[in-house]
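In what comes next, subunit A is part of two complexes: it sits with subunit B in the first one and with subunit C in the second one.
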Partner chain A sequence: MQNNVSSRRLSSLIIVFILGGSILLGGLTTVEQDTWLSLILSWVIFLPLLIIYIRVVKLHPGMNIYDIMVTLFGKQVGKLLTLAMTLYFLYLCALVLRNFGDFIFIVSLSETPHVVIMISMVVLTAYMAKSGFDILMKWTIITLPVYIFLIAFPVVISFEKLEFSNLLPFLNHPFKEIIRSAFEYFSFPFAEIIVLLGMSDSFKSIKKPCKVYICSTFICLVFLLAINIRNILLLGLPMGKSLFFPSYVAIRLVDMADFMSRIEGSVSTNFVLAGTAKIAVCLLAASKGMASLFGIGDYKRLVMPVAMLALALATIAHDSTMEMFAFLAYYPFFAFPFQVLIPLLVWIAGEIRHHRNKNKSTPAQA
Partner chain B sequence: MSIVSGMAVDKSPDSENFRLTFELLDTAKPIKEQGVDNEIVVSEGKTFFDAARNAKRLLHNKLYFGHMETAVISEEIAKSGALAQLIDWFLRDIEFRETLDIVVAKGIPAKEIFHTHGISQPIVAYEIERIINQDSKITASTVEKHLYELYNELNMEGICPVLPAVNILTIDEKKTCQVAGCAVFKGTRLAGYLTPEETKYYLYAVDRVDGGLLTFPAKGNGKDDTTLEVIESNTKISFTFKKGKLKFKLEPKVIAFLDEIAEPLDSLDEQKIKELTKNAEVSLSSRIRNVVKKVQGEFGSDIFGFGNMIYRKDPKLWKKLREDWSETFSGLSVEVSSKIEIVTTSWLEKKGV
Partner chain C sequence: MMMMLIIILIILFAAIIIFDFLPVIKIQSKRDSFIYCALLSIAFSILLLFTLGIKITGLFEHIKDFFAVFTGRLE
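Coming up: the complex of A and B.
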């Protein structure tokens, strides 16, 4: 059922997943107009890690990261690592949930309690996760055009308002700062693709994984650059930097001869669409982790409980929107073990094992 | 829901409070026969938001700001620096639009504006917004400044904001509002005004002209008697920094139609057109120069964004100049050389010799 994954679907899932949070935040970091440079750098730094991820999947066909860790490190260490990864995915899920909950809360439903907004999102995403990986991927094919529309539309409509000089002065920030901000983009959103390793048992039928992953993350890079530069050109810097949700405001500015204005009401719902895919993927990965942790065969039974956990976590994790945004600055450090250290460990152990097996008994393996 | 179309901000005359005057769209009366009418509500409070909420005391509905297009601030508010606080509220509150216009009431209490009579439509706030919005193409006599642009200018390096100014004109005992040039700010504080005429040349200096007219004396001196209709205008702004001396150069390039001339038509030959063009260029250059000098001398606030330009093109140089930019700006040498091209003499053909 889940073994038939086409590369087109997988790449649209990757794009939707990576852009999920960023399309809303439109991330301008401390390096302001040099952000685009950080973005490109972050992708370059991310590439080797991506190749490690791909290699890990390739070494262990038909297994997800949890199975791999248990096989490589034995039951005890393996389960411990599984717990760590699962908790990270769960937290990521809660963070995105909280993010979009805050967005709806601030932008439109400020008199509705936070929890109510998040419950409605959780129920939907749990249903999506429960439908399975395959359905999720099909769904992203439908939502991808909406993303492209969201990114391109304000640019096309407000083209004459774009102020290209907003990108000057070029390289006005110390290079150290630019690298630091590149690492921010590295951990959010690029390296979050680690979540997909939680369900890598589902895509063994991919023919050329390297091409699919690298191409789709490159497309993400292009979109992220477009979002970023658009926000700077449209809003200007002090404004773009001061806003929690610059992309939303970029759409608020759309005004075509009094005829096509105030469209954000109809457009803002689509931002949430972007979030749901990301939450669903995290939820799916976390449920699979839980299932592997407790030795439950069918992860689908765990989706709802895990969703409830994520909801509870989203409610208590941060006190306010400011705190949540302030935490994003520390996120790279927090995510580093899960995005880099553990995968690195798994990869090295996998390589050693692979070589030992090959040397010991090639015919037996075949 | 009471829909607010415009807001006027004054200081309360007898306390430290702010006094807000709201223009509401009157949706109770039948709209079909007489169109939408306006209704005026006044309230006071310690902060701007407080004042806005206090309006609820005399209203059945809460005020809704999503359709507000103009905020008029009084001179007193503009001079006090409270503008920053006002903008913060506008931007922070989700209801206000980033594209609303902020204007200064020149020489009158801001609330007076909404007690006038709009000529083309009864909602004064919308009338002002349309007048300003169309201005750069038709008359080039004021600036349009959206809320987010104002916020940017207040927070950018080396630039001071300019806001449109409005006042009241009485025609046959009927009061109506008119746009009267622009208000020059130094930081968040009002520094003075430019007349509509001066504003036009200011707009040439910052390359914000899309149309409008240019008048000049055909003979090179005396009264303006010739009119050009501007079709297109581009101003190249550049600077040089040599031996510690900073020099700016403005080069407006205007494409225009000749649309009104006091001299006999027969004389309009090639030679004459050349002479007219020459005189027009000289007059445009000197008028731009005068406005620059006035701003440098009287206000000392860099509304041309010269500092910002240095920051963008040469951030290292800007770091050195930044500290005492205000003085540097006042003594800055600015060279203006305009180029005008008269492409046609409109409906009337010139008489050849």
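Coming up: the complex of A and C.
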């Protein structure tokens, strides 16, 4: 059964998905105080890829990327590409689960084993995914205003503590380094939106997908910029570079008069809520991929085993939190085939097929 | 601690089998049930090995080695 999605719901899903993990981990890159410039550049570099994703969906309305690949490349090659994308979505699900598991472990439940924290998260997200895409969308609609408020509010009330001199000197790093940093932001979090192509069979009713995607990702850029700049201005460079979760630490410094302080608890809860949405989306996409791979009609039947697989992968993904952050340097290259090469291939094949069909129908009309 | 984690794991998978698998076992085909069980078994095996303290090399090590061969160290 296909769920028809409105533009508003899709928009809130995109915003929660992109902000979900990146706010938590988004720290300073090698370009330090010029990180905000890398962020803007990454969105600009991402736009052509986003248009390719939208075009792929437009060329094949009512189909998800797995169906598209099988249609374009045949059963064998299509299934091989489906396997590749499914494994990437599964691994992404595991990585995000591990990120949030480590976050909760470090900031609050340091005596609780990682696997227990991740079990509680994965059971919740699996239940959310099993409830269906519609429920997930409703969840994002409800949590989005709260999420945005809890992002914007600390930025506003921390204004008097901001040290604007931390942004100087401007363009202190070589442009090559800024571009490299932009590439990191390109792959995480923007290009991870490829996951939504696993559910694009539900987006048939979206009338102006370009507007929805571009506006939503632009809103995410604004929020990411606000958070990144706030972190730089509040924490400064030495502290900002050394922290695992700079956003959490920055919020700890925020207080208003004498009555509002230590708000990091409520804000971190919000982080986790957004994270569960992101994990649920990845889980849904991976379950659909598995169902497509094995020819199972109802993907919901595979949500639980796929969730457990993601949990298993999450436990062995990294040996430590430091290793998790070290992986960020490799992630853009690891994700490149799945985020860029395969969609590019699908797009080119889709355009060729579209033009062939168009040429076949034109002589008949003449 | 290890015993506690193993018990939690067994309870978790037992709950999945009871509440998720058994209600649909009569509706779905044998092939679908086999695939479900196979995926669940792989997950259970990895988690059990991890809980028992047996080191399983994660994908990160292989990714790091792959890129170290072709492009040199990125860190």
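What we mean here is this: the second predicted complex is superposed on the first by the 355 of 366 C-alpha atoms of A that agree within 3 Å, B and C clash if a C-alpha of one lies under 4 Å from a C-alpha of the other, contacts with A are read in each partner's own complex, and residues count from 1 in each chain.
Please note the rule applied: a contact is a pair of C-beta atoms (placed from the backbone, for glycine too) under 8 Å apart; a residue touches a chain by one contact, two chains touch by 3 or more.
Keep in mind it's a predicted model, so treat the numbers as computed, not measured.
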item	value
First (subunit B), second (subunit C), both or neither touched by A:S165	first
Which of subunit B and subunit C A:V116 touches, first, second, both or neither	second
Chain touching more of subunit A, residue-wise (subunit B, subunit C)	C
Subunit B versus subunit C as contact partner of A:I15, first or second or both or neither	neither
First (subunit B), second (subunit C), both or neither touched by A:I232	neither
Subunit B versus subunit C as contact partner of A:V107, first or second or both or neither	first
Touching partner for A:M304 - first (subunit B), second (subunit C), both, neither	second
Subunit B versus subunit C as contact partner of A:I296, first or second or both or neither	second
Set intersection of subunit A contacts, subunit C complex versus subunit B complex	none
Subunit C to subunit A touching residues, read off their complex	1, 5, 8, 12-13, 16, 20-21, 24, 28, 31-32, 35-36, 39-40, 42-44, 46-47, 50-51, 56-60, 63-64, 67, 71, 74-75
Residue ranges of subunit A touching subunit B (in the complex, touch as defined)	106-107, 110, 165, 168-169, 172, 235-239, 242, 249, 252-253, 255, 262
Residues of subunit B touching subunit A in the complex	66, 91, 94, 97-99, 148-149, 151-152, 154-156, 311-315
In the complex with subunit C, residue positions of subunit A that touch it	91, 113, 115-116, 119, 123, 290, 294, 296, 301-302, 304-306, 308-309, 311-313, 315-319, 323, 326-327, 329-330, 333-334
